[in-house]
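Think of it as A, B, C, D, E and F in the order they're written, each chain with its own count starting at 1.
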Amino acid sequence: MKMIIAYIQPEKLSDVKQALYAAEVFKLSVTNALGCGQQKGYTETYRGVDIEVNLLKKVRLEIAVNDDYVQPTINAIVKGARTGSIGDGKILVMPLEQTIRIRTGETGAVAIG
Amino acid sequence: MKMIIAYIQPEKLSDVKQALYAAEVFKLSVTNALGCGQQKGYTETYRGVDIEVNLLKKVRLEIAVNDDYVQPTINAIVKGARTGSIGDGKILVMPLEQTIRIRTGETGAVAIG
Amino acid sequence: MKMIIAYIQPEKLSDVKQALYAAEVFKLSVTNALGCGQQKGYTETYRGVDIEVNLLKKVRLEIAVNDDYVQPTINAIVKGARTGSIGDGKILVMPLEQTIRIRTGETGAVAIG
Amino acid sequence: MSAKIPLLALLVVLGLSVPAGAQEAPEPGLAEVAETLQDNMNILWTCVAAFMVFFMQAGFAMVETGFTRAKNAVNILMKNAMDFSVGTLAFFFVGFGLMFGLNDSGWVGTDLFALRGQEGGTWIWTFLIFQTVFAATAATIVSGAMAERTKFVSYLVYSVFITLLIYPIFGSWAWGNLLLGDNKAWLADLGFLDFAGSTVVHSIGGWLALAGALVLGPRLGKYGPDGRPRAIMGHSLPLAALGVFILWFGWFGFNPGSTTVAGGDMGYIAVTTNLAAAAGAVVSMIVAWIIFKKPDASMTLNGALAGLVAITAGCDGVSAIGAAVIGGMGGVLVVLSVSFIDRVLKVDDPVGAVSVHGVCGAWGTLAVGLFNTESGLFYGGGLGQLGIQALGVGAGFLWAFGLGLVLFYVIKKTIGLRVSADEELRGLDVGEHGMEAYNGFQVFTTT
Amino acid sequence: MSAKIPLLALLVVLGLSVPAGAQEAPEPGLAEVAETLQDNMNILWTCVAAFMVFFMQAGFAMVETGFTRAKNAVNILMKNAMDFSVGTLAFFFVGFGLMFGLNDSGWVGTDLFALRGQEGGTWIWTFLIFQTVFAATAATIVSGAMAERTKFVSYLVYSVFITLLIYPIFGSWAWGNLLLGDNKAWLADLGFLDFAGSTVVHSIGGWLALAGALVLGPRLGKYGPDGRPRAIMGHSLPLAALGVFILWFGWFGFNPGSTTVAGGDMGYIAVTTNLAAAAGAVVSMIVAWIIFKKPDASMTLNGALAGLVAITAGCDGVSAIGAAVIGGMGGVLVVLSVSFIDRVLKVDDPVGAVSVHGVCGAWGTLAVGLFNTESGLFYGGGLGQLGIQALGVGAGFLWAFGLGLVLFYVIKKTIGLRVSADEELRGLDVGEHGMEAYNGFQVFTTT
Amino acid sequence: MSAKIPLLALLVVLGLSVPAGAQEAPEPGLAEVAETLQDNMNILWTCVAAFMVFFMQAGFAMVETGFTRAKNAVNILMKNAMDFSVGTLAFFFVGFGLMFGLNDSGWVGTDLFALRGQEGGTWIWTFLIFQTVFAATAATIVSGAMAERTKFVSYLVYSVFITLLIYPIFGSWAWGNLLLGDNKAWLADLGFLDFAGSTVVHSIGGWLALAGALVLGPRLGKYGPDGRPRAIMGHSLPLAALGVFILWFGWFGFNPGSTTVAGGDMGYIAVTTNLAAAAGAVVSMIVAWIIFKKPDASMTLNGALAGLVAITAGCDGVSAIGAAVIGGMGGVLVVLSVSFIDRVLKVDDPVGAVSVHGVCGAWGTLAVGLFNTESGLFYGGGLGQLGIQALGVGAGFLWAFGLGLVLFYVIKKTIGLRVSADEELRGLDVGEHGMEAYNGFQVFTTT
């Protein structure tokens, strides 16, 4: 099992969700994050003083999937999030050793979906 | 060492914390998240237009523990969060290679607690 | 590749960011979290009723790096965040198997930076 | 402007009805002209005061919203908006007549429903708008005490009854002769003094709130298994503070406006009102500081309101120093009362409405019997006034709390008073109104 | 106070100009004194009413901010602050003269620009401040309908034009004879009745808003590929509700203030205004409840405003019951109109300004032809008044919507009307003003 | 209403004291009746104006809360609530007497403490409430400049002193003869003109704010190691904007109310006030746009206030165009001053109180010497008036800034002025009041 973490542009969330549904990935968690990457920031000014804003608003997805779902999931995220311009985001894949569904106590592959 | 990630219903947080204390797990981190799982969403309406809300409010726990604490921690979370109804949440266990306590620079098992 | 997660005091964020830049770590993600560690909480009172606040505001950093960057990154975080007093925070290192840059589809080491 | 103005023109300027065959009409005398001018001035002031009291609705809405959780904000706002709207209609068609209509019994008015046949009048309509906003004030007090768990439709039903029956009938006992001077009004006829409504408006609302909160039961998680109260913090102190400032502002219409006469004592009443509010805020902060070790903002805000409620009955008849003392005592009472209701009675009143309006309203009414410079005990007036005040306070409690218990119990048994536990946990905004108050914000709903 | 006061002193007390050689001056007569007192009273009330109407700017700002997204809050606030500020200057230097200056044609005023030579006067300045806040009300209506996508500088240009030309010229047709009684004003001369401006202020603003939203196009993501409307929720219902309470409060200056006479019918007009607002809120809630299965808070809030807009034209001439009916109908119309514009016309009006001000303003103006107790159809007045009202409504639509299309189209083709898609996604606060409204808060910007 | 009214009745209607043996009492003459009516009207207007000025407290609270960080919101709200409450009491018992009591020296009043023996009066109480809210305005200005780092208890001590001593004594120099016409008042006797208090209220508050911010030092993180200022953004622009609208509204009580006479110039003063505010907002936006490349919302909001402060001294005596110029200049000054204080003086004033109230107050006072249509330099009045104005401005600065330095320094050395660095980082809400302003919301506290 793998844990897939993806950072995407906030406004892309609904597209990504649709792409994931199409790939039959229904379960995921979303948090919002501030990100600093290749994408350049912008300057705000407040009462005449400049502020370098280099932490940009991003949405963070966390998706636990079985191994055979890894590639489809990645493809779906890319499909939904890519615009080709800087800031599109990043996908990170990490090993996942165990999953437990709290309600039933089921574990492993069955618990994931 | 393992990293235990758990998604629970927000209102269950205090119960889970108590269960964890009982299991002598004192250190954890909490963030709030939006989750999409088996639990069905609900529809809001705004000015006459429907909105399918399928991202539900969840609380995300992150707990780094030594191996011998993994099972007790999982049990405690289940104990605190289970209601038996859909939406109870999920526990995910991942490998953790290193821990450093910033204050002292201690690393590994001692740094975790 | 490793995933480095760090919990630090909120007010230390800018120092840590500077230290990371100095170590040529430019990409990171930030979320805010509530943390419960050795640091004692404090009591609030509301309308005469006490509240034990034991979840303190923390900032969570997530940094994906190549193996040779792990130590420099850790050092930078410690350098920026340490005050020597309880609550300084913690760094957690986890294995990272894959990275994909959404924009280009690049994967692995090149995608990380 | 020429010194010579045809008298007809003058009559028109002053809005006097021009008598038929005006040519032969007698010239209006100084007395008539003067009275007309003063009447216009009184209409002006009474209207402006009414508008300021209306604005208190915004104050209540902000206080109650700020002192409750974000997940129930839309619901509490809707309740505030609707109890005023529903109340306006109910009071116009029925309540006003019961309160101020022809009243030979002293117990209830019998005409003036929907002000039929009064189209020509000017004062009576001014009086109606002024009394409407007072009625709505009593009504809206309750929403705060019943916040975060009451079914929306049940609240609507309640708010019809209070403005239709409960408030106006009691009102007729104390104020029933304000419009028609020959009306009987048993409490007023006994000499009961409640100038601007510490009892008539605030205690009535406060005791109804107590009944409601009692029948309803506490919010989930308010009391631990051991029965110890838990704090459920409001989600926006800035909104709550704004609300208190708005209420304080509106009170300058509430008290000085109750003269319904421009000039004269307006300024004096404004001073007593303001001193009492200030003293209430300062004293409550100090008391809270001593007891809880911190200057609790929510208590201090309640303290200002406590001072205002307390001085409402006596604002016209006590000395400035007396006003400060009355307000300060209100500040003490509200802190103790909030804790008492919370810990001992274990009644869950999220915003402290019972303490502020019920308890301090009673205190303020009694205080007239002590501080009134003519009939008060401390000014050699003996116990007479105090006794009558106590009678009025008691009558108000029995009437409002008693009827409240019945009303809420009947609602509970019929359409139901409380939302489901599940809905309460997720928040009434989603459950009752299908929307969130703060879309886009990440709000913890762990409590 | 001695009964003997030297007459000169009296003259001064009343602010009368002391004639030269005052010693021989004739004693001021009762008529003169009475008129002076009433004049002072009228100045007092008209000023206070103007201040209350000014405060409606805060109401509009809060409603529009609350009903839009957090990422555009600074921008909408700036637009509200600036349309008033720019409008104040434009109306003072030009608009007021076009609307109330000497007018022989009945189509436009020709003097009084910047009130030159009026320094001595008292009433005219009172009248100016009152009319200024009315003009600014019309101007600020538009910002809501064009929210979240309009370039800031383009909006500034628009707001100059409306207060400089569009509003005052139409105003001169209906109200051009309010200051100078001998002025021609073609609509007024026909007998068109719009007491406080359902058409003159609200519809004009509403139709301009329609033109603007139309030329501008919907917000990104408002309509799905299939053309079905998507909900874009406002970010703060509490601010929106506060705004509605403020507007309701201000309307008590707007309608009763339009008498510009203290006393008399003030109270009556306050009652009709309040009944209409309450009925609008209640009815719109019920209608929304039936159609959408939930008591939608945003619709209910719009409903109160709909009732207020609808009664504005007839508040002085309809019965109290009539007022409630007119307001209630407004509550029905606003719900249907919002859905119609959203789903059928597919015009994106984030706050419902077109429905509230345009549609309900038109309804309220027509309603005078039905409910006016003297000339209304339902009171045996026949179709005459209704026809004239319809004419005024039509003229208002053609003038405002027509000119609006031209104005916004020209702006679009020159400086551009809309921000870039990229800026719209990130939010206008950062793009236009380089700052965020809620620094420190985590706000989802996924829509 | 019959044309014949017994004269006694009339006397009562007008609230005149009925002379003993009234039967033989002389009929009240026209002059007496007229004056009584005008007096009532003046009481009415002065009270309403006072209520509007009171409401400015809500405006200040919202502006200061919005322009500071969420973690200090409860604290700033408490400071605003308490400086008014404490100030009300201090001014009633002592301040009012020092300012308006019997004054033979021209330097300080000596009676009327707690208005003893004035129970019967009407005007004096009206005057008291009006002056109380003015005093509180001066007091509350300071909280903004000292926000986010001042100990709560120390702030309470300060706010006693300003309303007890600092404000009233200076006030007695410029306004000491307003109540008792025979009083000496050295500045006023020299011909110093400050109609509604650009100096007396605003500059005094502003210079105290400067002293406080100076003694206190900047917030942690405000200046980088290199000494370059860092931006610390406010947490809620919507609240700040609401606050400015409320202040603008309240200013219509502040300036036109300072006539304390109903009718007459009220309207004119409202116009000059409004033009100056609008010009201030527009000009400051433009200046900020040019300098910072963006129309900065916080600067524009400050600009409106700058215009209001600047016109306060001269609102009654300058031309409408002059008012716009004075306000516009205020808009320029505030932007430059904020940057100057921030970058050059390196004094940390989170809300710009010193620039808005201190600097623009001084400018507005001097502007009277330039623009006053009778004595101003630009109207051929020569340099005399300007010199006297400059003297008043200088006296105000020396008095307020000087005493302020002493006061805050003494506080610093005794009870301490500033919270611990640790508390400052975590926020004063938790540290001082043990609660959070936005419970449930995720707020970044990284700065």
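In this text, a contact is a pair of C-beta atoms (placed from the backbone, for glycine too) under 8 Å apart; a residue touches a chain by one contact, two chains touch by 3 or more.
Keep in mind the model is a prediction, meaning the values are calculated, not measured.
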Partner chains that subunit B and subunit E have in common: A, D
Of A-C and B-D, pair with higher C-beta contact tally: A-C
Averaged-CA centre spacing for the pair subunit D and subunit A, given as whole angstrom: 52
Separation of subunit D from subunit F, taking each centre as the mean of its C-alpha atoms, in whole Å: 31
Contacts with two or more other chains, residues of subunit F listed in rising order: 30, 37, 41, 44, 48, 233-234, 236, 242, 292-294, 296, 298, 434-436, 438, 441-442, 444-445, 447
Residue numbers of subunit B (touch at least two other chains): 31-32, 44-46, 94-95
Touching pairs - complete list by chain label: A-B, A-C, A-E, A-F, B-C, B-D, B-E, C-D, C-F, D-E, D-F, E-F
Residues of subunit D touching subunit C in the complex: 229-233, 288, 291-294, 296, 298-299, 335, 338-339, 342, 352
Subunit F-touching residues of subunit C, taken from the complex the two chains share: 10-11, 13-14, 32, 42-46, 57, 59
Residues of subunit A that touch subunit B when the two form their complex: 3, 17, 26-31, 62, 64, 94-103, 105, 111
Contact footprint of subunit D on subunit E as seen in their complex: 16, 26, 28-32, 34-38, 41, 44-45, 48, 52, 69-71, 233-238, 241-242, 244-246, 248-249, 252-253, 256, 261-268, 270-271, 274-275, 277-279, 281-282, 285, 292-298, 300-301, 304, 319-321, 324, 373, 438, 441-445, 447
Residue ranges of subunit E touching subunit F (in the complex, touch as defined): 1, 3-5, 7, 9-10, 13-15, 30, 33, 37, 39-44, 46-48, 50-51, 54-55, 57-58, 61-62, 65, 73-74, 77-78, 80-82, 84-86, 88-89, 92, 114-115, 119, 121-129, 132, 152, 236, 239, 242, 432-442
